[in-house]
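Both complexes below contain chain A, partnered by chain B and then by chain C.
On to the complex of A and B.
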């Protein structure tokens, strides 16, 4: 399926609004959308949403043989799924140019910035290593996709615990979580992405653009950095010529963002750990379920609260009715 | 209130004398079958299902907002939010002849009504009625277009719906609601457009009148730039 084309009137109004510093969601040009970060009941899963953009990441590990070139280093694989659910212009199982850009940048940020200690993933040099797989699943798309995907992946990696192992002379023992506490990955730093839209040939910056805004912009620059003020990746999506000053400004913005988000991620992880160590059952993704699901019943203005007709029925048929209260109440 | 799921036979006492079958119901010979999950509604010879959806399925007689995507031969190719493109003939505009063609560019939007939805072909639209008069249809100039869910669109144009009336007490604006979930509107400035856009999008989940008035009032007094 194709995407709804951008109309001339939309582009004119959004550009005019942006140039006068106004946005359709009442944000400033240099204001971010609200970030929601939720870790799942399973270790190594996280959902991150920035505005309407929503990405889920899941981390898993299994034992594999290392490559002969790097016999004592673990492997991190990143897999991205851009489903038609997120944006119906996406095709199932085919990444397209946007997906390729996303997966390359995630690899650059997570693997090539060496934020994870791959040597600690080695079990037996040249024989057995841990292979970490990060599945990034895009659930909804509304701009700043890379920020969201990166944050979800980093949180999931922080949340992940791999099974504990002990080495015996001829075999390796893998313990379940009930026998020996699982081990977290050793993560050196948390690279955090920030998408900065550029308007007016880079004269103006629009932070965290939505999909519609991004379509009206001249281009965007993505800066990944960590709280120690190190730039891990810099990516510009269009061939716009930017001056050093402009890039420096973007990097500065990204650094303050990275500091703020690092605190959020570590808070979420700490909170989860506290609850787990108190043997509290983790709530997981249940809290992400929206309260307002159906609005069809409210459509006719006068029949906002129709009386629910309780039809007399037998005990057996009464049972399935209980499964659809949201439909009736709405 | 009755809820139908796709495939259910619509068996309402009032359905026998309904002459106009609306959204979500298919007629198969004598029986009427629901094609969408939704709440049954009927009104003076009309019946339809109220469905929460965002994907538009063309129905004859619907007024929709279409985006021009290209010109091919005698037709403009339009995007109306359906799986396939729709078409409109050059001559189906008010005052248009073979020589005097309407000047539409890619990305322009028009308000048109659906008049042919033969299965397995592209839907055909027209910007004139049977008397070759536009009656409000045609190109929409300036303004801003955005999408909401289809049932919110139906609610907005319901005669007893208070949303647009209430907004009208605070703002001066023009609005066109397409049945395909698109809304075009124009107001005095960008500030007003942003505010009205916000109010309309948020009003989808508003139920009570007081709540609605509060929402519009807050939208009116809110400043866009801070």
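On to the complex of A and C.
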């Protein structure tokens, strides 16, 4: 189905509002939307939402043969799926230019920034390596898609545990999670993306624009940086000419954002680890998603016939309340 | 026999872009489903007699071009909706299996039905899915992933609501050796579950359309 374009009067209203420093969701120009982050019951799954944008990332690993050029390095593959769920203009199994851009940028941010130690993914040089696959599934889009996808992917990578292996002279033993504890990936740093919209030839910045706002902007710049104040990637969407000062300002904004979000990601991972090490069965998305992410304005998750339940009642009443990380930055 | 469904939860209309959306979970198995349409269709796919249905079940990992569930969902949908009402249009139904803890096929069918209900599609009959597995000569309705993996036979019923309000088999997907008596027994166990799911549909949609609760 075709996308409905933004009407001219709508565009005029939004542009006028932005120029006077007002936005339709009552934010300031330099205010981010709320970030919500949930990890699943399976290792290596995470859902991230920024405002209405929702992205799910799942990480999986399997053993493969390395390329002859890099015999002792693991491989990280990134796959993006833009289904009609995210936007009815999308088609199943077809990426389009938006999806291609997203894939390339995620590759740039996650693979080419070398945040994951690929050498630790080697099992037997030239023979066996771990191939890590990051599947990014866009569930709903409303601006800042790259920020959300990147955050979900990074959280999923942090959450992921690969099976433990031991090397025997002629074969490799792969252990299940019950025999030997799975191993986390070694991650050097967490690149965090920030989308900054530009208005008035880059004179004004509009942080974290929604879809409708993005349609009224002159362009946007995406800065990926980590908490050590290193810029991992910089991407500009249109051909605006920006001065060094303007870019520096954007980078500064992105740095403070990256610092705050890094704390959120490590909090979520820590909380999850604590629960897992206490042998609590993680509920994952089934219970937490309706409460945390779905904000339809309707009543909370409904249940049918409490007597049909298999789980005991306590399971439901003690829900991980402290497990609700959300940040609003001013 | 264990003839019980796990706890069901559902939330509808929570996605911004899709016309109808639902997050449905049974126990720890969770799917997100969305339905958009009827909308315009590409000329190469257009059907002048009926609506073009584009159904896709997406797993978390790997390529999703072909999935075994697409078939049963597609055939059930085309029976449940009168496609001839909307010629020259298309509808896209996407189901993301967010978390799999057994009977994902049944959950995907239920989620799809919720998304369509939320979109306000004109139904001929509502439908639901119930998975029954055989585990050591014992039939289990709505198994968890562990039970499903240990089972010797699986049968996924896609169930429509008949004219008398009772459940009727719409399509069926059986894996493993089943004889007729076992299948009949499985169907007997699936019926009360289907009734429970139909009641749940009614509850949720009544909640959605009621004014005072929001």
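Convention: the second predicted complex is superposed on the first by the 286 of 330 C-alpha atoms of A that agree within 3 Å, B and C clash if a C-alpha of one lies under 4 Å from a C-alpha of the other, contacts with A are read in each partner's own complex, and residues count from 1 in each chain.
The criterion applied here is as follows: a contact is a pair of C-beta atoms (placed from the backbone, for glycine too) under 8 Å apart; a residue touches a chain by one contact, two chains touch by 3 or more.
What you see is a predicted model; the values in this text were computed from it and never measured.
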Chain A residues touched by each partner, larger count belonging to chain B or chain C: C
Touched partner set for A:22, first chain B, second chain C, both or neither: first
Touched partner set for A:213, first chain B, second chain C, both or neither: neither
First, second, both or neither for A:85, with chain B first and chain C second: second
First, second, both or neither for A:285, with chain B first and chain C second: second
Which of chain B and chain C A:13 touches, first, second, both or neither: first
Partner chain(s) touched by A:147 [first = chain B, second = chain C, both, neither]: neither
Touched partner set for A:1, first chain B, second chain C, both or neither: both
Where chain A meets both chain C and chain B, residue numbers: 1-2, 294-299, 301-305, 308-309
Touching residues (chain side chain B, partner chain A) in the complex: 1, 3, 38-39, 41, 50-52, 67, 69, 79, 81, 83, 105-109, 140-147, 149, 151-152, 154-155, 158, 160-163, 184, 190-191, 193-194, 197-198, 204-205, 207-208, 222, 224-226
In the complex, chain C residues that touch chain A: 4-19, 21, 23, 25, 27-30, 32-34, 36-37, 39-41, 54, 56, 58, 60-62, 64-65, 90, 92, 94, 96, 98-101, 196, 199-200, 203-204, 207-208, 213-214
Chain A residues within the chain B interface of the complex: 1-2, 4-13, 16-17, 20-26, 28, 292, 294-306, 308-309, 324, 327-328
Sites on chain A touched by chain C in the complex: 1-2, 40-42, 45, 47, 52, 54, 56, 58, 60, 81, 83-88, 91-93, 133, 135, 137, 139-142, 283-287, 289-290, 293-299, 301-305, 308-311, 316
